[in-house]
Amino acid sequence: MIPDAALGLPGGVDPGSHVRRALAGRRTRAGEPAYMALRWAGAGLFGALVIALLVSIAGGSGQALVHSGIGFLWSATWNPAAGQYGAGILVVGTLLTTAVAMVIVVPIGLGTAAFLSELAPSWLAAPLSTLIGLLAAVPSIVVGLWGLIVLTPIFANQVEPFLASMPVLGWLFRGEAYGPSILLASVVLAVMTLPTMVALSRTALAAVPVADREAALALGATRWQAVRRAVIPAARSGIQAAVTLAVGRAMGESIAVAMVIGNRPAIPASLTAPGATLGSAIVNQFAEASPGIGTSSVIALGFVLLILTVAVNAGGQALLRRGHGTAVSTAGALR
Amino acid sequence: MSADSRRLPRPSTLVARPDAASAVAAGDPARFRAGAPSTGPAVVDHAAAALAHTRATSAAPPALSLEGVRVSFGDHVAVRGVTLTIPDREVTALIGPSGCGKTTLLRAINRLHDHTGGRVEGSIRLGDLDVYAPSTQPELVRRRIGMVFQRPNPFPAMSIFENVVSGLRFNGVRGRVLLRDAAESALRHAALWDTVKDHLNQPALRLSGGQQQRLCIARALAVEPDVLLMDEPCSALDPIATAKIEDLITRLAADVTIVLVTHNMFQAARVSDQAAIFLLGEDRVGELVETGPTKELFDAPRDPRTRDYVAGRVG
Amino acid sequence: MSAVLAPRRRELIRAAAERSLTRRRLTGRIAQGLCAVAAVAAVAPLVTLLYYTISRGAGALSWGFLVNAPTPPTISGGGISTAIVGSAEIVGLALVLAIPTSLLAALFLFERSGRLAAALRFSADVLTGVPSIIIGISAYTLLVLPLRQFGNLAAAFALAVLMLPIMIRADEEAMRTIALDLWEAGIALGARRGRVARSVVLRGALPDLVTGNLLAIARAVGETAPLLFTLATPLAAMTLLIYTDGTQAFPVAQQTAWGTALVLLGFVLLLSVAAKIAAWRISQRAR
């Protein structure tokens, strides 16, 4: 069993009770202090690293924040040459690419999860889900490379003109379209977050008790009706958690996005125009940033990104934990 | 196993009902049920219901007939050789210790094994419809044969009202008036209407265990099934809730045929008209041992294994 | 008892059920078809990625590619050996830091209760979600700036910080799942805590520990962003090399990028598959 934690998922285990029981009234034996000191060293080192991480990011941004004030967060201009540093436009870019990526990932991910969990024959489900899981192992740089070299011309020459010609939604895709674009970045993000969405949704669906499915079938529902009306709603909080964690991953991805988004920190006229996100800006700007204010501003971008992703991830993990407790009902409230 | 014990119940068996009438007339309701503890008003209700049965169901065709039914999973046979008739609008109990195939058989009746991988052989007929014929639509069969499960399983994401009408919605019934009507009727039948009528939009999980199970019964009743299969519906409930549901079962039998799986002999004695005993054969395969009117089965069992089981020596 | 089931309602329901069946089944089939399409769409990226990486990278691949040092652009016969060796060095160094720390910290969480442990556990959970680029920035601020140089040390530090939370949580989960009872038994017998940890917990949970750590390593090997901030030259690691060469317009550079990508991908997939096989083997063994 690959521990959930290795996939970046929290375990829901209740810790500590065994410790209190076992160690009750126990005296420390000889030789133990050395071991306990080692343990403290390990935990302490980890704790120190966490703190160092936070301090370094916050500290590194200090200069920029002092210079630009709190308006840094939403100021819409990022123009280092002119000395203007504002994260606003980049936050918009991050949110936009993430949103479009989710539009792609959520239906496909949920549909795939439903297929694997409910509809596929058993001989197919396991190997297929392993295959999809392998996608998670592909390094982001390789996805970025593929996006840059393979997808860009395809998008510029075929996909984007096709989308622009669509009757209803075409207006989203009109305008300049020479390859690197918000759309392309969103597709790359979708590819990278799909395994997370599928795996977590599938877990959520599989956690729904068989009895719920059977109850629906026993009423005369078709298989799909049972899935759609009984299973998926029961897995709602787990699916929400999956989406949230996928959002967190998408927001934090920088290298692959940087390679395909075109690095233009301005409001895009359409989805096919180039843009920029927090992550891509950090990657693209870091090398050229002028020491002092420039570098500090780039670090400040990292700070904003850190806050965003931590908030979203904490929310997602809270949803996951809450999902573990849905079996507990407030029974008897209507007696 | 004597062939006699599995004969079709002839009208004369049903006419045996007058026992109840004479028992009531003789002022001694306790004699009607073998070994059942007196539960006061409930017993009188049982007798009254039985009386109603006498008048209503004289020579009605059986609701379900099973012949040579065998259920197997791969190479492993779970239950075999079941030939059984379920009389219309009566409570038939499938009794026996756990693991003897009662639940497996029950699930074969409403084709739940289509989804579990079990193979069902033999014939099961609902009236004159062959349940397993290639031309039979399982969804339509399952509407006519409802099921209540061992642990109450209301749909957690739905309110009380939505739960009750979920079956109707699955079957394409629209019409808010019709839905509301059917919901009220079903909830009344399940003795739940007064409790929940002002809380229909509350989440179903707010109800207590016994109430949830009655909700599930209402949900099953709402689609107007001919038969209601109940798989140990009280095993997860406390005694008070159990008593309420047993009471419900005897009253429901006037309108719906009920097949009840239970491992509790006393429950079967309290509630059922006909009983079928399942035990493990020598090769660890479940089989039907004897069947007959409940009273006879407990008072005067024919098969020695039944005798042992009823006396508590086995199982 | 009166017949409370109104016959008209009964008939309406029966009719509705029969009438709607065809439509319900059709909807179901379409929906199932769409879900199958979704599943195909979910597998397609991996297949495409593999196809392009292999087809374009294979051309660059040769024994010389792997073992030769890079040469200036105009001279042929160069390879990526420095990058391969560099990646291995950096990850190896990172493991030297990460493995003992994660094991000790995991033991700490496993053997203790209380608020401190809960706080550490929570920070580990949060840290797993921190984007790797931020860890890179942190390493830059903490090591590169003060020491005024880039280098493998800073890069290894960044990767270690990246791997630590994943390993700690995975290790603790493994210990809890497998060694909980054994640990209690050992303590109850009066054995020293260190002894119990070594002989019972670590030994018992070893397969799961290895599996969890393998996945963390596979992830670290493929990271680029932290290296961006800590390494001076792209020749020092495979991922950086892919980034630098891939973003150039020269076909030769892109060819090198694909070749390196193929090597990297092969290695990472190998690690992941090994981890999965190990996990599968473990679950096959009766516990």
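Labels A, B and C are assigned to the chains in the order they are written; within every chain, residues are numbered from 1.
Here is the rule we go by: a contact is a pair of C-beta atoms (placed from the backbone, for glycine too) under 8 Å apart; a residue touches a chain by one contact, two chains touch by 3 or more.
Source: prediction; values computed, not measured.
Listed here as common contacts of subunit A and subunit B: C. Of the two chain pairs examined here, A-C and B-C, it is A-C that is joined by more C-beta pairs in contact.
Distance between chain centres (mean CA atoms), subunit B to subunit C: 53 Å. Separating the CA-averaged centres of subunit A and subunit C is a span of 14 Å.
Counting partner chains per residue, subunit B has residues 139-140, 143, 170-171, 223 touching two or more of them.
Among all residues of subunit C, those that touch two or more other chains are 17, 24-25.
Across the assembly, subunit A contributes 220, 222-223, 225 as residues in contact with two or more other chains. Across the complex, subunit B meets subunit C through its residues 49, 52, 137, 139-140, 143, 168, 170-174, 178, 181-182, 185, 188-189, 223-224, 251, 254-255. By the touch rule above, subunit C contacts subunit A in their complex via residues 17, 24-25, 27-29, 31-32, 34-39, 41-43, 45-46, 48-49, 52-53, 56, 100-109, 111-114, 117-118, 120-121, 123-135, 137-138, 141-142, 161, 164, 166, 168-170, 172-174, 176-177, 180, 183-184, 187-188, 190, 192-194, 197, 208, 211-212, 215-216, 218-219, 221-225, 228-229, 239, 242-243, 246-247, 254, 257-258, 261, 264-265, 268-269, 271-273, 275-276, 279, 282-283. Put simply, subunit A touches subunit B in their complex at residues 209, 211-223, 225, 229-230, 233-234, 236, 326, 329-335.
Residues 1-8, 10-11, 13, 15-23, 26, 29-32, 34-36, 38-43, 45-47, 49-50, 52-53, 56-57, 59-60, 107-112, 114-116, 119-120, 128, 130-132, 134-135, 137-146, 148-150, 191, 194, 198, 220, 222-225, 228, 245, 248-249, 251-255, 259, 279, 282-283, 286, 298-299, 302, 305-306, 309-310, 313-314, 316-317 of subunit A touch subunit C in their complex.
Chain contact summary for the complex, subunit C toward subunit B: residues 1, 3-6, 9-10, 12-14, 16-21, 23-25.
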